[in-house]
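Look at the two complexes coming up: subunit A is in both, with subunit B in one and subunit C in the other.
For the complex of A and B:
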């Protein structure tokens, strides 16, 4: 009975791995066939030599970085304050953070375009609206990651301990709370990064040079380069996850112990 | 000289009054414990001294300064928490030096003070360790050192030993008391553990339902409780209803059995109902020592508690506990034995209603 269970478990694991890796492997193999008859990295060279790629990718990284910065500045103090001072509001706040999951991005985008494309708020093409829109889109990931981090530490007691030693709110937040939820913030930040870089609909309507629209356009005209871009995107995501796990292994996140 | 003064303090959370009419003067260098069951308001009172709660009415005066509405980080008060509350991202030395860094003291001065504190808590070699590398007892000692490092005017301890095992609790409470005496610092200690309060304090404030029941030295609180709550909360106590027979001679009656108290009936009339209390260790069998009050009893149960043997006897319809030292060379009574117990008049406490 036990052996049977183990066989099933392994079968399901292998099935899952194949389901995930086979398309990726196929994409990778396809991306190497840009030159007739030989396997080469020609499609990757083409992508990196394309000035549109550099431009769109740099813009996406810029938007992602700004989004993460605004998101951290907005959500970390909010989550901290809610947990410390208004714990009863947590359910309502959690519901609000889930709204971007419920409202389709296309509806959200049209709403933004309609609201901000005529006076008095004609900001449809301004970086402020782009960053604000991306911040809302990344809210479920960033806010919840921060909230999970705060759940792992005794926010109230640590805050009060710091205050009793003379610390003000800024010191409490930047010297005590943020260092102890660093890994959770990074988790949320990298997820936000992946969302912003890979987001197509909002980028199509609000942001002119962005990575996802560039990739979509490329797919209509080229064969091998989009496959190379897909592999690059995966590599980038994995690099982010690798960084998270390396930092997580360090002493960044709060460790609880010492009950003996 | 009064160092810390709490005047007419009360605290309400919406319609719930948690602390009311709290008045207390604490002398410099005094060790005062707030003792009471959960929800009696002792921690709320401590938090009002720390500044984490603002009193609904009343004032907190520290060194002649009204600090009632001062923010916690503006008061020079050290606090030790039940959950240690060490900063996990900092080493032991960084934790201890945190308050001094906030005060922008010089690096050399901070290092010197941290070394002093590490030596005080006997953890000289642990400066570079992180909190999670220490045991619970060591973490709490670091928390104590961190609170003391800033030279606080008063040290507040909120059930600091509750999370530790029994043996460490006993050794650490002695260490806390020794450090407090050595530094001569005023300390307020919150606990629900009567043994802890009795062993460590200069004075105990017994609280119940937000009010002070009794303030006194451990000796006074244990031996002369003035209310039924203090009597029942601190130590084991036999309490029973009695009727006043003669207030001038302090004569009482329980179930037709007469016994005499030493005091406490001056404002009573003949026939008044009162509650009396007798500590188990104040009762003896008549054969051991003859006293004023001699009461017929039946032995109902005998329990060994290590150094003490607790004997349950019935006197009329009342059951009393009687404690005697466990001496293996003395013969104990048997269950069902008819005997007589006695106690001094001073042992019969007439409680305030």
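For the complex of A and C:
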């Protein structure tokens, strides 16, 4: 009985491993075939030499960085303030932070584009809109990460201690609170990074240069370069998640992905 | 003796603390609540005139094209939710309670964290490299003289798409169900064995009822996860499978429905279904927490 159970367990795990790795292996093998007859990294060289790749990738990193900055500046003070001064607002805010789970990305994009593409609200082409939208998309993760971080420290005591030593609000926030929850913030930040860099729909419909739309276009007219991009993109996701699991070791938070 | 002077009634102190959350509410109003609410309001409004109407909603149910889109979206979401839940549960159970070395569990959870976030264009490409007519696995199978593509297999229909969706569905199941499996106490198994229960009875009367809300809840979450997906399907099929998300995308690009109001109603329908899904998940997850502490 026990032995049979173990055999089943191994069988399932192996099945899972195959399912997980075969597509990646196929992609990797394919990416090496850019030169006829030999395995080479030619497709990677082509990708890195493509100015469009450099441009779209840098833009994605720019969007991600701005998103994380706006997110932190907006969510950390809010979560802190709610915990300290206005606990009544808590339920409403938690509800709002979960809305992006309920509204699918394409529906959100639909509402956003339709709302902001007519005067007097014509900001659909402004980079402000895409950064704001990405901030909203990453909000469920970033806000929650920050809130969980704040739950684990004694916000009130820390604040009062700092204030009785003469610290102002800025000092409390930036020198006391943020350093104390930096692990949580980093956690949320890397997840946001992975989401923004891999995001296709918003960038496509708001017509902004970004990594995923570049990849989607390339997929239609090239064979081997998209494979290289897929490998790079997977490595990037892997790196982000790896960093999260290293910095957040032991917290065991299940992360629900976005942008499917 | 004189009475002590009456204390002045405390001045109702005006608190300005709420000002601190104004930026958050302003930001989310501008970039989330207002744009999303326009979907609701405009679904019920006549085009141009702005009078209240149910016509757009009724039009949804009259269009075979739209009903077909909902149906195929729901079908794929159901298939991958049930499939992902079963496979994810078995996998998580095998890794946690299967008597395997502990590194298996840790690596499984790490892989699942990555895989549940791996979607969209690269995922579609990975499966094309594996299972397209000249994909790696298909080439291997062809060596045996059997070509699946001659026998009805294809990657670019709903079953193929479902197979691809499973890649982010079952890892999500593993991540969410793992704590529930951890919460199954060994004492319960021992107690039921002491009372003479067979393994089947233990599952039927103890483990399964405890896990059921969590299983169902996660299944609903997986449903929502697949239902809202667009990037993977678009990259895989170039939009040839008419999922609701893809129809909304084309509507946004070029008014394919010919009526903007119906476009809004279409989007509203998705939000309603998603709202049911997330609510169901939350309620069931709360039920689970009673047992898991």
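We adopt the following convention: the second predicted complex is superposed on the first by the 218 of 260 C-alpha atoms of A that agree within 3 Å, B and C clash if a C-alpha of one lies under 4 Å from a C-alpha of the other, contacts with A are read in each partner's own complex, and residues count from 1 in each chain.
By definition in this document, a contact is a pair of C-beta atoms (placed from the backbone, for glycine too) under 8 Å apart; a residue touches a chain by one contact, two chains touch by 3 or more.
What you see is a predicted model, and the numbers here were worked out from it, not measured in a lab.
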item: First, second, both or neither for A:166, with subunit B first and subunit C second; value: first
item: Contacts of A:103 with subunit B and subunit C, given as first, second, both or neither; value: second
item: Subunit B versus subunit C, judged by how many residues of subunit A each one touches; value: C
item: Which superposed partner A:209 touches (first subunit B, second subunit C, both, neither); value: neither
item: Touched partner set for A:237, first subunit B, second subunit C, both or neither; value: second
item: Contacts on subunit A seen with subunit B and repeated with subunit C across the two complexes; value: 252, 254-260
item: Of subunit B, residues touching subunit A in the complex; value: 50-52, 71-73, 75, 77-79, 81, 83-89, 98-99, 102-103, 130-136, 138-139, 143, 146-147, 150, 156, 163
item: Complex interface listing, subunit A residues touching subunit C; value: 2, 5-6, 8-10, 12-13, 15-16, 19-20, 22-27, 29-30, 74-75, 77-78, 81-82, 85-86, 89, 93, 96, 98-116, 129, 132-133, 135-136, 139, 191, 194-195, 198-201, 205, 212, 215-216, 219-220, 226-227, 229-230, 233-234, 237-238, 240-242, 244-245, 252, 254-260
item: Of subunit C, residues touching subunit A in the complex; value: 17-18, 20-21, 23-25, 27-28, 30-36, 38-39, 42, 87, 90-91, 94-95, 98-100, 104, 108, 110-111, 113-127, 129-130, 135-137, 165-168, 170, 172, 175-176, 178-179, 221, 224-232, 234-235, 238, 245, 248-249, 251-253, 263-264, 267, 270-271, 274-275, 278
item: Residues of subunit A defined as touching subunit B within the complex; value: 153-154, 157-158, 160-168, 171, 176, 179-180, 251-252, 254-260
